[in-house]
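Paired with chain B in one complex and with chain C in the other, chain A is shared by the two complexes that follow.
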Partner chain A sequence: MSIVLFRRCERFLYPGADVLATRLPWGRHNDTRQRALDMGRTRLLVVGGVFLLVFVVIVGRLVEITAFASEESGREARRAPKTMVPMGRADITDRNGIVLATSLPTVNLYADPRVVLDPEEAARKTVTALPDLNFGDVLEKLSSDKSFVYLKRYLTPNQQYEINRRGIVGLSFEQGERRVYPHGPLMAHVIGAVDTDNHGIAGLEKTFNDRLTVHPDRSLSLSLDVRLQHIVRDELLRSVGEFRAMGGTGVIADVHTGELLAMVSLPDFDPNGSQNASDAQFNRATLGLYEMGSTFKLFTATAALDGGSARLESRYDATNMVKFSHFTIRDYHPQNRWLSVSEIMIHSSNIGAARMALEAGTKTMREYLDRLGLLRPLPLEIPETGTPIVPNPWREINTVTVSYGHGLAVTPVHMATAISTLVNGGIHRPATLIRRAPEMAESGERVLKPETSRHLRRLMRQVVEEGTGTKADVPGYFVGGKTGTAEKSRGGGYARKALLSSFVAAFPMDDPRYAVIVIIDEPEGNKSTFGYATGGWTAAPAVGRVVARMAPVLGIAPVHTDWTEQPVHSAIVRMVASGAKE
Partner chain B sequence: MIRMMIVLWIVLAASVGVGLFLLKHEVQALEEQLAQTNRAIRVTQKGIHVLKAEWSFLNDPARLHRLAARHLGMTPLRPEQLTVAAALPAMLDGLARRLPSATAGRVPLPTPATTRNEREVARGNAGGRSSGTLVLAMRRAVSAVSAVKAPSVEAASNLPVRVIMTTKR
Partner chain C sequence: MMRAIPFTRLDTSAVGRWWWTVDRWTLGAVATLMGIGALLTLAASPAVAQRIGAPSFHFVYRHAVFIPLAAGIVWLVSLQTHRTVRRLGAIGFLVSMGLMLLTLVVGEEVKGATRWITLPGFSLQPSEFIKPTFAVVTAWMFSESRASANAFPGDWIAVVLYGAVILLLLLQPDIGMSLVVSVVWAIQYFLAGLGLFWVLLLVVGGLFSGVGAYFLFDHVRSRVDRFLDPDSGDSYQIAKALQAFHKGGLIGTGPGEGRVKEVLPDAHTDFIFAVAGEEFGLILCLLMVGLFAFVVLRGFARALRSDSLFVLLATSGLLVQFGLQAIINMASSLRLMPTKGMTLPFISYGGSSMLALSVGMGMVLALTRRQAGEGDLP
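Right after this comes the complex of A and B.
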């Protein structure tokens, strides 16, 4: 169009037209002039072409940006963050998503002493702003020749303001994070701790240090349930206080998945406070190796029944105490007669258990203890795990003592796993602290016949119905279990007064779902127990109270019928389990 | 003519220039706004993060236990307070027989967790009418639960129901 315009106007000349327009006679010079003009036009054309090309490119780009570049502008708009700002370390939650450990933003105060003009003045100002700092320390730090020194970590906004207000040259703030455990001591042993640089140094914080820092936006979901944890801790605190014990342990396990729903070790500590190594930091549940005492008779019965050397009706001579090399085995509740397998459990007869184990044989006993995971290190996700103390060499006398729980030390979580295996139909699944969706549960390994598991359930129920464990019964829930009272070994011998009283249980016994272990370390008998400090008097009532409190929380209704082996709880239990996460 | 064209072009160029200038400003303002909103989102998210921690802290079961016991007179749920829906009608019949005017007509539904009301029933302080009210209300609740929550009658009868009756400390 512009070309048309240009042609029409006369004063505006076509390039070279002015030269041509001058009327000159045709001569020799005409040819050269013509050639020069042609050359000029050609060059002009080339330059014009290049410009045109450039403009076409620009136009093309413009069109592309305005009309087709929605992708790019969209990306700009999508820069709005959709997900939570991740901190440097992922949260840890319980199985229901309740935060157990989280990182909160905070500010650290540091100084560059080389920039500080007057260390004394700066130190004085700093101390007036932060009265909890020591003047001497601050002065020393500010007078050093380093280029970076922390003065105080985790400042509150108020403290930050106070420092800012004084405008001290050389002091700066650093954005930091602080690991916070909202539930304090409740899960202290499981979760562990981090150091000042937020590196895990204990518990799950250590094991999952990489996982927590690589995916800070994905929280780690544990198998533990805050409510159950509280119930166990509450009841255990009560028992430890009541019997003036040194400490205690409580574990709840899901017998079908191996998940630990609660794991308490007392005494405990507040992970938010200053950390100094003490007895309180010792995790009795996973690191404490104990000779469990009579609770091991269940495993003796398992070996005998599953191995085929005994049947429920088999009888053993418990008339007199047994001398075996330099050991004398006697009964705590002597019956002085022949006892059936049931009666050995009910009356917790050492003699009977020893005879049962001898009949089964050392090899069988070892094999079954190994199958139940009692001779192997604890396969748990935290670094603080114990390896069983196994008699080496294993002589026949060891078989005898192990049959009633002496001479072999395992951790309470070992017990929880083994009891789960005993009652769940005979399938061994390693314990875990990480939540597993029901369909993700480990298939486990069959180590016992289902028949044996059924017998064991009956035996455990009988102990609670008519044996040493009556105090653990909760009407409607068919608790089954076994008491244990071990004398703690002290310098080669056994201390008469220092007991380890325990109760291992599972419920509901018609369709076991949860295993509950309570161990009380060195309880003292009192008036209410007539001076007894045995498992049946100290640990069993605690288990009963835990079951009575946890079952309603989990929505398991009591069933008021006589106990049979027919599962009456199953329908309810299954509904609760498949329903919304409780 | 040619002057007209020049003026036209100048005006066109100027208006495009001004338009572009305004557009650019607008875009800048929008970008500013976007950045500001993003910053605000981050601040809010941080706030939520901190509040979540606080929420968890305040929900510490030990603390709730203490507070509920002190201010509401509550105690942990006992197994006797739990039953299945199938067992409820019989329970309610028994309860109705023990109480006088159990057949009141218009009855307000008690809220499930009003412990005061229930506590009074337990203490035997409650007047006949309000107890009858409670029984009727529970009946309604049972049928409602069965109708809504359970896929079948059998399933309904196995639904765990928390009958919160009275805890006298």
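Right after this comes the complex of A and C.
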């Protein structure tokens, strides 16, 4: 080939022909043309050289790709296209970064009925592609004279493919995003919901709607801990089922920061499903206002001790029931003797609490309840918060009833905040659902003397050690608390059989870190409780189980104590394993 | 070979003379390319046809009609004398220009560009015919203005015609065709002895036009961006093409065994080289590059021997066009440059392109025929 290519075919010249050539008309006296021709030839060699070079490069590249470029071609094939669709709404995570709410890209199917050629055929094809649609509905939509109707939202890629494959004129897809809650009902009440336009309509989704949409790349970190939330929900479900209650709520708070680590309200719902307004959407923990019952005696003792009207060893006459205007105050566990402050707590004496409150005085009682935040609206980040129902006007009789938790209704989160203040040394911090770094914790407001807090811790521990709350005890964790059993008010009076049974607790009592509140709405007693449905029999065991499960998760080691024969850790293991049936 | 010669030296008929004077090596190379084209169309196009819902052999049948037609055109045109070629170029150029103007009015818009005139059973792309005919006209103008001392304003006419052609092409718009026409025209001007200052100016102007196209046309920018940074956009097609070459290896996966034709939308035209690489391997690819290089360089060598400036300029222009198209197509598939839709001469499916290339190649053969005297046209 090369021979052929480069062989210069010299023109054969007869002898004398070179002379002859100069006589030819076109070769004579025409230097312009000859010079141009010479230059053209020279330059053509340059062009030819360039072409040759390019062809050589192509050959080189061919060999390279075929033989050596496996790495490059492989890499390019492997590399997924960077089509991360930017979402318009930020994720919500728990305190450890577990995703609680996220947005996924999806498509919505809509139609322009004016463009649809044959509504009947289009509807038939649509229904074969999406069998969950109703033929009649689709036909009606496609036959309308609107220019835009949604046929179905949130199609899966497979469904989109099925629609595309049928090539129905007039149907189009709209890019959208869908809010997804991977944990289902676990956090439903806290996180809330968005509407079809991804606009927050409840819970944190509503409160932080602007924050989530303005910074869609920065996730919102909550104070909640998925693990604790799961434990509380699990144990609460068990108790609600066991006592055939209509509902329940459970809260865990960090007593030093005010952060809520768990907040459960039963019954709950799956936020990923269709949302129909129902009782399940009611957030008992923040919106439910309840007369709490005996747990309020802790606040009565706080007012008396911190206000200076009583000391721990002060004694009150509980020998007989007390008539106060048309109320008769009687005890559930009558002791019929004079009781110390400790004994009033241990035996949950209404008479003693009433006398303690009267001695402290209405003004002091109101003052301390207000300091603990129990008379103010709940300052929480979600919109569904309750404002306490406070007696108005507040007469002396109200002081008496409030002393044992009736006539004043607050939310469970109010209780968690107040209990935290009682045990953390007397610092009041508003509850929060947003994660706070330890150094970012609110400094809080001192509302009690540290000494009062110490007394309250002792009282709460005594209730669990020897009082109505023994079923909440977990060996090694020094659980302290107070039982509460309130009769729910029904149409002006109180219903004997409709109880609100609760247990408010904190642990470990030698250095409290967490407050745990469990409230069970209308439990029924059963054989295992000998028919009792009080807080000590229904809510206290649930608190004990929650503590036994959450402490190892949070890395709190049990403390070995002399008063139990068994090694502590094995007792806990047994307790967790057996579900703390005792 | 000797026994296959159908004509004796004594045969002085037109065909007989043609056989003895035409460059049979180039003729053979072109015929081989056409054969490879038929083979590859058979391999690549059924997948494409099925994807667009046409009968499997839709493109194969059409290609089978075009090949003899193209061969006939090559032969007929190569029979002509230099003077006829020149006339053919001039007339063809005027007709093509007219049709391009017509395209703007009655043209059919395909993929965002108006390039086609629909005829029954066939869509004609007039701009394809501009390329060979304009090369001949340019060569005529340049050589005429250098033919004698008395100044024929050939250069100026060439400049004006060039402006008109580019304007029409950009109106369609057809960036790729503009590029080819511009390069051919510039090289012809260069060969015709353009001053080095002007050469420099042309190069700079070309660079500026390239930058201008980048900012003016979105699809140009997107393709250049994706070439420079494959991650910046969808580089799926080119990645698949590269994979195909690698998969094919030295001897290929075998006819019909390739997969790349199933995923690339233009497997029978712009990416046919990748199909060749996958199914027939490096050997066929090298043969194809070799054939293109041979046709171009041998044509140049024949042009060098001519004493006619017109022949030199026209032949070079036609061959530059032919070679440039091949280079752009192959380099695109090999990711040596941003992807540019360009047919691979005589290989890719495409009627207008093939017929126009046949006209061009016929002219090359006609111009490079050995002639007594080999002097310039009077």
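Basically, the second predicted complex is superposed on the first by the 475 of 582 C-alpha atoms of A that agree within 3 Å, B and C clash if a C-alpha of one lies under 4 Å from a C-alpha of the other, contacts with A are read in each partner's own complex, and residues count from 1 in each chain.
The rule is short, and it goes like this: a contact is a pair of C-beta atoms (placed from the backbone, for glycine too) under 8 Å apart; a residue touches a chain by one contact, two chains touch by 3 or more.
Because the structure is predicted, anything quoted here is derived from the model rather than measured.
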Name the contact category of A:A280: first (chain B only), second (chain C only), both, or neither. neither
Tell me the contact category for A:R33 with respect to chain B and chain C: first, second, both or neither. second
Between chain B (first) and chain C (second), which does A:H183 come into contact with in this model arrangement: first, second, both, or neither? first
Quick check for you: in the superposed arrangement, does A:R549 touch first (chain B), second (chain C), both or neither? first
Partner chain(s) touched by A:I397 [first = chain B, second = chain C, both, neither]: neither
Which partner chains sit in contact with A:H230 here, chain B, chain C, both or neither? Use first/second/both/neither. first
By the touch definition at the top of the document, which applies to A:V149: first (chain B), second (chain C), both, or neither? neither
Identify the overlap between the chain B-contacting and the chain C-contacting residues of chain A. 5, 9, 76-77, 79, 81
As the complex stands, chain A meets chain B at residues 5, 9, 12, 76-77, 79-81, 84-85, 87, 98-100, 102, 104-105, 180, 182-184, 186, 226-227, 229-231, 233-234, 474-477, 548-549, 551-553, 555-558, 571-572, 575-576
Could you pull out which chain B residues touch chain A in their complex? 1-2, 5, 34, 37-38, 41-42, 45-46, 48-50, 52-57, 59-62, 65, 76-84, 155, 158-162
Complex interface listing, chain A residues touching chain C: 1, 4-6, 8-9, 11, 24-27, 30, 32-33, 35-37, 39-41, 43-45, 47-48, 51-52, 54-55, 57-59, 61-63, 65-67, 69-70, 72-74, 76-77, 79, 81-82
How about chain C: which of its residues touch chain A in the complex? 25, 143, 146-149, 187, 190-193, 230-231, 234-236, 239-240, 242-243, 245-246, 248-250, 277, 281-282, 285-286, 289-290, 292-294, 296-298, 300-301, 303-305, 307-309, 312-313, 316, 320, 323, 327, 330-331, 334, 336, 373-376, 378
